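One structure, as structure tokens, below. Some questions next.
Residue numbering begins at 1 within each chain, and the chains themselves are lettered A, B, C and D in the order written.
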């Protein structure tokens, strides 16, 4: 085990560990992409990775900068059009686990990636939802990766870009949604999971060395903890090695391309 | 029936001020050469439709070509904001632009519906999401058999579609390969289409019977512009210039450096300049 | 996750009396070997869905496997009637069958909707045609933007899809090429799927990035049956036995010659018999 | 010019002549397929032929027995799935001319290929509509080829499989249909075209040697003639040669396949 790792590496590794060998993942750029490929290169070598650019069962050697880098297509089993991706594969219910992130999250894991401030007169105009609104409802379950801060973990979203557990309980069903929704929020401090009944996201495990106070301090709502909190095992040497090699290859590839 | 033209002629003949257009390519095969020619020809009042506006629309918006943008994800992929888009939308520079915002699923379905000659698209979408509150072009319809509620958006209908592809043949058929995005749909949803290509060949040669092809009678104009997708890429020809995408963040962050970049790399150049990027092929 | 099995095991495990099934293949890649095995296993009460019932359903219906057929064109292509279907429908031999009749466009859209997880399909269809009068599963919906009326039919939802394909690889992925019909849609619209293939290879090797593939986690069972599409055909392997399609008209015209043919060519044979047809490859 | 040709050959040749070099045709099996390929091999070499099996811009060397023979795919520019064929290509309005035929036709060129007798208790159960209902309304115009007989050319259809000119006049518009509909019915005796106003199909030309009486006799309604009737020029030697070679190649190919 290595003591020298960053909180961001711990977040990626915790997300990778949550993935199973038979998962079919709808992968986003950034931490999700790193986590999914780390899982593929360690304990889940048969995991199927799908990017919304249409690339199915892809095995990139370097992480893509964009959702449609050539690497994804070149290493994919096959590539479909974007309408087919969203119609047959996502809406068709063929994905077990989708990844999302956002600028803001609330206690029911609803997400905002649209605006800070009002929609009509935003303080900050963010990129928008992209695939998120339908990823959130069509995948079997959702994993969310985000850095933990009061600015991001808020009492009330400025805009609901994608549905988490709505107002809690079985609120998803009201919208005709039958999938599980967010089952894990993986941050650089801890992992949140929904209370089975209220669906409020609560701390299920802390990363090594992280205190409850740190989490409380970094959360914009009165965050709750499960009765039994596990401590996330630190990254193994292998996990760190594979992740760092992946990032090094990526950095070299993207720099050289200029 | 496709004609082979120079890029300036193709834009001149097919694009008019006020048109509704799409320049598509999902990360791959983005028609930057056409975008630059449109800037040089100073078109105004365009409604720009694209799932991911990317740098191509950031450049057009920064040069005042657009009055409206229809989109589903408006960032610089893996990098951050589209500063020229934000400056136009938040501060009205160089002019105000209106936005119509959808999700990817909505736009992918809307392109599909446009290609299929349908007036609208339906999908399981926006459930529990807030966009329908602010976009009147998102409605509901009910399944006449099960009563299930589905989302509906208008089909994409274009005056002109611009795409970039790997190859055209002498008959004017166009071959696309790799991440094909919504380009076929965009062309089929358009009255006119301008297709820039890496090369024009006598015959496509041996290929999958199920290759992605736009036949000649669906294409208006074909222009050979090697490298014409740079800094995006052409599968089998050259790779994405990820470093340039990162540099764009600095270039576009302020108005002066943006204007200087456009002046040097667009206004003082022509489509032949793209050939330099094609040569960097791997 | 696909498993490789013997044909008898695959049918035994996946198909139950009373199931709703499709055995698809638009002229090409029709899964005759699976059809014959279903006859041998004496399944009953099936609802058979297929755009063009072809000889495969004529054989199943003649052997009493079906209680209902959903279809859009019920003939022997280029030859004439499906005599066993007509005998069942018109005279109740060997049992009565119910029909649900659509157009090709309706069924193609219904498969597409099934694959897309939608409850129904919409299309510009049946305008001025009489089928909506006699088929209650054809309804109308109105575009919420333009008011245009469109036809609606329920999505195809299957217990089991049967298809034949050129190749599977060791991971259980399936490659189709040529006239791909609605096979991909049928498998994606089904709870379970049985795919017979000409061969199982280590790796598909060099191919178009946009090849038509059904990945392993969408397929239940894979069975190697060379020649398994005969008298239909497999692009790249063997051609359609057009002469047999013509002969079928005589074979199926009366009950005795039909029963004798089935006894000799189906009941007393197994899937290995199809290999003889694969060998006639051109 | 050759005097030795059959009425069926004249029908096919008359249909071929009606096709133009820039037509994009949705081709049916039988006479339409022969006519379209004859046109391609004579005066219209750039004509685009599409078969509903998904084969686009196909140039078969022999005529297909079925709509999806391998020959069609092997000689096609490309082949799409059947849903794409009906959605993007037919419904998308990409076809100029569609071919239809049927067991019964009425004076407004509505067609029946479904049943003789009642739908519920048919005297003869025909194959059904297949692509016809949407071909009839989505193609720019429709050509119909049928052998001329009282049994086929009827006062009233037993079932309306596909729309022609409905009840005449601008009846198609009532159904939201904006395409021209049947502009020619090409039989083994003559060519019918719609009256510009009533849309009733009337005789526009007679095949060589065919009399008005023959046509009247073979038609189940009181058929009308345009004021000026042309005589269809007989087949040229070239047309007959190309057509017969096509049929000979076809016969050889289909026989040998057994």
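A few comments on the model shown:
Assume a residue touches a chain if its C-beta (ideal position, glycine included) is under 8 Å from a C-beta of that chain, and two chains touch if they have at least 3 such contacts.
This is a predicted model, so every value here is computed, not measured.
The interface holding more C-beta pairs in contact, when A-B is weighed against A-C, is A-B.
Distance from the subunit A centre to the subunit B centre is 28 Å, each centre being the mean of its Cα atoms. Centre-to-centre, using mean CA coordinates, subunit B is 40 Å away from subunit D. Residues of subunit C in contact with at least two other chains: 112, 117-118, 123-124, 148, 178, 180, 184-185, 209-212, 235.
Each of residues 73-74, 79, 87, 91, 138 in subunit A touches at least two other chains. Every pair of chains meeting the touch criterion is listed here: A-B, A-C, B-C, B-D, C-D. Subunit B makes touch with subunit D in their complex at residues 1, 112, 115-118, 173, 184-185, 188, 209-213, 215, 217-218.
Put simply, subunit B touches subunit A in their complex at residues 26-28, 51-52, 71-75, 77-79, 81-82, 86, 89-90, 101, 103-105, 108-109, 111-112, 123-131, 134, 148-149, 178-182, 184-185, 212, 233, 235, 239-247. Against subunit B, in their complex, subunit C makes its touches with residues 117-120, 122-124, 137, 139-141, 143-146, 148, 150, 152, 154, 177-178, 180, 207-212, 235. Interface residues of subunit D facing subunit C in the complex, by the touch rule stated above, are 29-30, 52-55, 64-70, 72-74, 79, 81-83, 85-87, 90-91, 110, 114, 119-120, 122, 125-134, 136-138, 159-163, 166, 171-172, 175-177, 253-255, 257-258.
Residue ranges on subunit A touching subunit C, taken from their complex, read 22, 24, 48, 56-57, 73-74, 76-80, 87-88, 91-94, 138.
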